[in-house]
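The two complexes that follow have chain A in common; it is paired with chain B in the first and with chain C in the second.
Let's look at the complex of A and B:
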C-alpha cells in the first residue's frame, strides 16, 4: 500500500502557491475597501503582478521534493507535489496573471476588487487540480474553479449576453459535474479507496467486469471533456466564450483547460494504469485500452468538428472558441499516446502544448479586447486595416494566429511537432495524419484573419489604436513567451516537461 | 555544446534576419535607407555565398565520395560487417540545440547544396534591386522578403532534418504575406491561399514520414552507441545499417519503412517542386506574386522542394526510391510535356513563364528519377540553371508589365526598341530555356536526357512490367518533344512581345529601365553564359555530391 508523507515542511511547501494566492485574494479585497475609488483601477496590477511574481517564483525555485511516490503524496494523500503539478501550476497562475492584466482595460470590471478576488480563487482551484491526487480533492478543485468561473462569466449583470453565458455555463457545468461525480462514486464503490494511486492498485488487481469499469470511466470522463470542451461536450463553448467578459474568456480557454488536461493525464494513468507500469503487482488487469480508444475518438471528433465549424464564423470570439475546441483535439492526441509508449513523450507533449497554448491564446484575446474597446466590434471583417492602424497589434495578432496554426518561429510549431511525434511513436501514425489534415483546415481560417488585417482597407485606416500600459505588459509577456518557446527556450521547457512526464509514470 | 563551428553558414542564415530586424526598426517613411539596408544585407550574403561556392573544395569532396563508395561496395559484398561511413559536408556548424529530442543546429553544404546557396543569394540580391520601385509599405516588404530569403537559405544548408523542416515552414509564411499584400490585385488572395495550403499539405505529410523514419532509426542508432536523432548524418548511418529495410508494421513484410514512406516524403516535398498532379498552385502563385517574389519563388523556392525530396527521400530511403521512382518518372514526363503545351496556349505573358517553370522543374525531378550519375548531375545543374533563368524571365516580365500595364501577349509588341536590355535578356533566357548549346540550359538538359536514355543502374523491381531500357527510352523520346514545344512558345512570346508593331497610342510612355534593373539583369545573364561556356565550374562539384547518392542506388 502506498504510504503518505507526514513531513510538515513538505506539506506546507506543497500547497504554498495556494496559500499565497489566498493571501493575495484577501489583500485585493482589503485594498478594495481602503483605497479611494479612483485608485482602485490599480487593483489589477496588484492581482496581476502578484500572480506573475508567484509564477516566476515557482519557475525559478525548484521546490519539487525528491524521493519516491510516498514522499510526494502529502496532506493525507490529498495532493501530489511533483514536477507535473509544478509545470501545470505555473501555466495556470501565468494565465491568471495575464487575465488580470487584460481585465484592466474593460471599463465595467477594472475597478472591482471582488472580481479580481474571484478570479484568483478560480486560479487556486485550477492550481489544486494540477496537484490533486484524491477523488475528493479532484472534485473540490474542479468545483472551486467552475463555480468561480460561473460567476465571472456572468459578471456583467447589465449585459444580456454575459448573464446568458453565465447561466449556460452553470447549467452545463452542473450537469456534467454531477455525471462525473457519479463516475467517481462508482470507482470508489469498486475499490473502497479515494486516493487515486491506492485506488489504481486495487482496481488493477480486483476482478471486475470490463463493462463496469468502462461505465465508470465513461462517466468520469464527461466532467473532463466538459472542461476541455471536447466534442460532444462542447456546445456551451462558443456561446459562453462570446458572451463572457473577454478576459474571462481568455481564462476559460487557458487556465481551466490546461488544469483539466493536467488532471486528466494524472487520473487516467493512476486509476487505470497500463499493465506495464504496475507489473510488480500480481494478477494485473489492464484497462488502459479503454481510455486510449476513447481519447482517440474524442481527439478525431474534437479537432475535426472544431476546425470545420470555425471556418464559417464571422465573430472573432466565436472563431477563437471553435479554434480552442480544435486545439483541445490536438492535445488529446498526446493523451491517447501516453499509455502505449511509456517514455513520457505524449505527456511531455501535452504539457508543452498547453504551456504554449496558454501564452498564445492570451495574446490573441488580449488583442481582441483592445480592438473591441476602441471600435466596439468583434466582427472579423472589422479587423480590416488593423496593420495600418496599429502595426504592432497586427503583428502580435499574427504571431498568435501563426502559433495556433503551428508555423515557426512561433511556439505552436514545436508544440504540434511534439504531439505528432508522440502520436507516431505510439503507432498512431494515422491519427497524426488526421491531425495534419486538421492543421491545414485550421491554417485556412487563421490566414484569412491575417489577410483581413493586412490587405483589406477600412474607412478608419488613419485612426491609430491606443494600447494602454497594462496591455503593453500582458501582450509583451505573452508575445515574448510565444517567440522564445518556439526558439531559444525550447530545450529548458522540453526538459521540464519531460521531468513532469517522468513523474507521471511513477505509480508504485 | 559546440562540436564544430565555422560560422559561415550561420552567418549567411542570420544576416538576412538581422537585416529584417534592422529594417523594422527604421522609420517607414525613409524608404531609401530601408532599400539600402536590404541591398547591403543581401549583398553581404551574396559575398558569403560566393565564398562558400568558390571555397568548396571539390577534391576533398571527391576523396570523401571515393571512400564512401568504396565502403558501400565492401558492405555490399559482406552484409554482416557494415562499415559506418558518414556523408561529407563542408563548412559545418554543429551545435547541440534541443538535446532531449536529438535536434542539433547542424549546418553544412555538399556538392548539391553549395550551388543552391549561391543561387539563393543571387536571386535575393537581384530581387532587392528589382524591387527598388515598391512604394507601398516598403519597410514591411523588405523585411518579409529578407525573412523569406533566410528561410530558403536555411533549407539548403540544413543537415539536421528538423532544422530543414523548421526553415521550410518558415519560408512559407512570408511568402503568403508578400503575395497577398503586394501581389497582383485580381488573383492575389486566391493564389496566395492556394499556394500556402498546397505547400503546407505537402510539407506536413512529409513531416509525418520524417517522424516515421526518425522512430525507426532510433533503436538502430542506440545499438550503435548513438541516440535518437534528426541529424541527417545519424539517420544516414541508420539507413546503412538497414533501419528502414525492415517491415514498418510487424507482420506486413512487403511494406518496409522505405517502401511505405518514400512516396509520402518524396511527393510531399515534391508539391513544392511542382510535380504533376500537384503543380496547380504554381502558375497561379507565380502570376499573382510581385516580381521579386516570383523570382525567388520560381527561381529558388521550387528547388527547395526538389532538394528536400532528394535529401530526405532519395538519400535516406534509397530502397524506396528504387521501387517508386520508376513510376514517379512518368509523372515528371507529364510535367515536361503537359507544362510546355499549356504554356503554348497562354495569352498572359506571365502565365507562359509560370507554366514553363512547371515544365522545366519536371526535368529536375526527371533527372533525379534517372538514378544514375549523368542524369542526377544534370538535375543538379538544371536546378541552378533554371533558377537563374526563371529569375531573369520574371524580372523581364515585371519590367515590361510595370511599363505596359498589361500582360496580354497579342496586344503587346515592338518592345525591343523601347526596352532593348529587357529584350536581349529575355531572348538569351529563351535560348537557355530551349537548351541552346553554349548556354547553361544545354549543359543541364543534355545530361538529363542521356541519363534518362541509360536508365537506372539496377535491374527493374519485381513485377515491373516494362523492360527497363525500353521504358526509360520511351520516356526520353517523349520528353524530348517537350523541348520542341518549349522552343515554339519561347519564340512565340519573343516574336509577339518584343518584335512586331509597337502600339504607340496604347503605350504612350515607356520609360527606360533603371540602372538597378540593368545590374540585376546583367548579373543573372553573366551566370547563364558563364555556366554555358565553362560548365567545369559547377559540374564536378555537383558530381561530387551526387556520387554517394548514386552508389546508394546501385551504381558506382
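Let's look at the complex of A and C:
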C-alpha cells in the first residue's frame, strides 16, 4: 500500500502556486474596488505580471521534492508533487499570464477585475490538474478549470457570438464531464480506492473482465478528449474559438489543453499501468494495450481531420482552431508511446511539445487580436500586406506559423522531432508516418498565410498597425520563448521534460 | 427473516439506466434547459453508483466524491442558467438548433 506523506512543510510547498494564485485573484478583486475607473486598465498588468513572476519563480527555484512516491503524495494523497506537475504548472501559469496581458487590448474586458479573477481561478484549476493524484481532485480540478472557462467564453454578455460560444462550450463540457465522472465512479467501484496510485495497483491485481475495464476507460477518456479537443469530441472547438473573446480562445487552446495532457499522462500510467511497471506484484493484469490502441486511433483521426478541415478555412480564428485540433493529434502520438517503458521519451516529448505549443499559440492569437482590433477583420485574405503595415507583427506571426508547422529554428521542429522519435521507438513507425504526411498538409495552409502577409497587396498597405505596450510584452515573451526553446534552451528543457517523464514512471 | 440488503448489482443497473436516459436526453432534446436537466440526471446516476460502491467497499471515499459532485453541479447550474438567460435575451429562443450563427 502506498503511504501518504504528512509533512506539513512539504504539503504547503506542494500547493504553494495555487495558494499564491488565490491571493493574486483576491488582490485583483480588491484593486478593482479601490482603484479609480481610469486606473483599472492596469489590472491586467497586476494579474499578468503576478502570474508571470510566479511562473518564473517556479521555474528558477527548484522546488521539486526529493524522496520516493510516498514522500511526493501529499495532502492525503490528493496531489503528487513531482517534476511532471512542476513543468505543466509552469506552462499553464505562463499561458494564463500571457492571456492576461493580451486581454488588455480588448476594450470591453480590459478594465474588469472580475474577468481577471475568473481567469486566474481557471489557471488554478489547470495547475491542480497537473498535480492531481486522486479521483476527487481530478474531478474538482477539471471542473474548476471548465466552469470558469464557461464563464469567460460567454463573458461578453451583449455579444451574440460570445454568449453562444459560452453556451455551446458549457453544454458540451457538462455532458462530457458527466460521462467522465461515470467512468471515474466505475473505476472506484472496481477497486474501492480513489487515489490513482493505490487504485492502479488494486486494479492490476483484481480479476476483472477486459470489457468492463474497457468501458470504464472509454468513459473516463471522454472528458480528457473533450479538453484536448480530440476527434470525435472536437465539434465545439471551431465555434467556441471563433465566438469567445480572443484572449480566452488563446487560454482555452493552451492552458486547459496542456493541463489535460499532463493529467492524461499521469492517469493512464497510474490507473492502467503496463505490467513491466508493476512487475513486483503477483498476478498482474495489463490493460495498457487498451489505452494505447485508443490513443493511436484518436491520434490518427484527430490530426488528419484537423489538418484537412483547416485547409478550407477563411477565418483565421477558425483556422487556428482546426490547427489546434491537429496539434493535439500530434501530441497524442506521444501519449500512445508512453506504455513502452524502455524510456520516458513519449512523456518527455508530450511535455516539451505542450510547452512550446503554449508559447506558439499565444503568439499567434496575440497577433490576431492586434490585427482584428485595428482592422475589425478576422478574414485570412485581409492579412494581405501585413509585412508592409507592420513588419514586426508579420515576423511574429511567421514565427508562430513556422513553429506550428514544425520548421526550424522555431521550437515546433524540435517538438515534432521528439514526438516522431518517441512513436518510432515505441514500434509505431506507421503512426509517425501518418504524422509526417499530416505535417506536410499543415505546411501548406500555414505557409499560405505567410504568403498572404508578405506577397499579396492590399489597398491599406500604407496604414501601420500600432502595437500597445502590454502586447509588446506578451508577444515579446512568447516570441523569445518560441525561438529560445528551438535553439539555445533546447537541452535544459529536454532535460527537464525527461526528469518529469521519469517521475511519471515511479509507481511503487 | 428476509434481509433488507439490496444487492449492489441492482444499484449499478439502476444507475446505468439513469445514465443512459440522461445521455439520450442530451443527444435527442433540442431545448437547452432540457439538455441541461439530462446532464444533471447523468451526474446523479454517477452519484448513485458512487454511493452504492462506497457502501459495498465500506469506505467513505465514494461518498466524499458525491458531496463534491453535488457542489460542482450546483455551480454548474448557476453558470449554465446565466448563460441560457443571456442567450434568451438576444435571441428569444433557447433552441440549440438556432445556435448555428456560425456554421459547425
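In this text, the second predicted complex is superposed on the first by the 506 of 508 C-alpha atoms of A that agree within 3 Å, B and C clash if a C-alpha of one lies under 4 Å from a C-alpha of the other, contacts with A are read in each partner's own complex, and residues count from 1 in each chain.
The rule is simple: a residue touches a chain if its C-beta (ideal position, glycine included) is under 8 Å from a C-beta of that chain, and two chains touch if they have at least 3 such contacts.
Treat the numbers as computed from the prediction; the structure is a model and nothing was measured.
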Item to complete: Considering only touches as defined above, state whether A:447 meets chain B (first), chain C (second), both or neither.
Response: first
Worksheet item: Regarding the shared-chain residue A:421, is it in contact with chain B (first), chain C (second), both, or neither?
Response: first
Worksheet item: Of the two partner chains, chain B (first) and chain C (second), which one does A:81 touch, if any: first, second, both, or neither?
Response: neither
Discussion item. For A:494 in the superposed arrangement: first (chain B), second (chain C), both or neither?
Written reply: first
Fill in: Which of chain B and chain C A:164 touches, first, second, both or neither
second
Item to complete: For A:433, decide between first (touching chain B), second (touching chain C), both and neither.
Response: first
Practice prompt. Name the contact category of A:192: first (chain B only), second (chain C only), both, or neither.
Written response: second
Fill in: Touching both chain C and chain B, counted on chain A across the two superposed complexes
none
Practice prompt. Write out the stretch or stretches of chain A touching chain B in their complex.
Written response: 387, 391, 402, 407-409, 413, 417-418, 420-421, 424-425, 427, 429, 432-433, 436-437, 439-440, 443-444, 447-448, 450-451, 454-455, 490-491, 494-495, 498
Fill in: Partner chain A, residues of chain C touching it in the complex
12, 15, 19, 22-23, 26, 32, 35-36, 39, 42-43, 45-47, 49-50, 52-53, 56-57, 59, 61-62, 64-65, 68-69, 72, 75-76, 79-80, 83-84, 86-87, 90-91, 96, 99, 101-102, 104
Worksheet item: Residues of chain B touching chain A in their complex?
Response: 97-101, 140, 162, 166-167, 169-170, 172-173, 176-177, 180-181, 188-189, 192-193, 196-197, 200-201, 204-205, 207-208, 211-212, 214-215, 249
Worksheet item: Any idea which chain A residues touch chain C in the complex?
Response: 135-136, 139-140, 143, 147, 150-151, 154, 157-158, 160-161, 163-164, 166-168, 170-171, 174-175, 178-179, 181-182, 184-186, 188-189, 192-194, 235, 238-239, 242-243
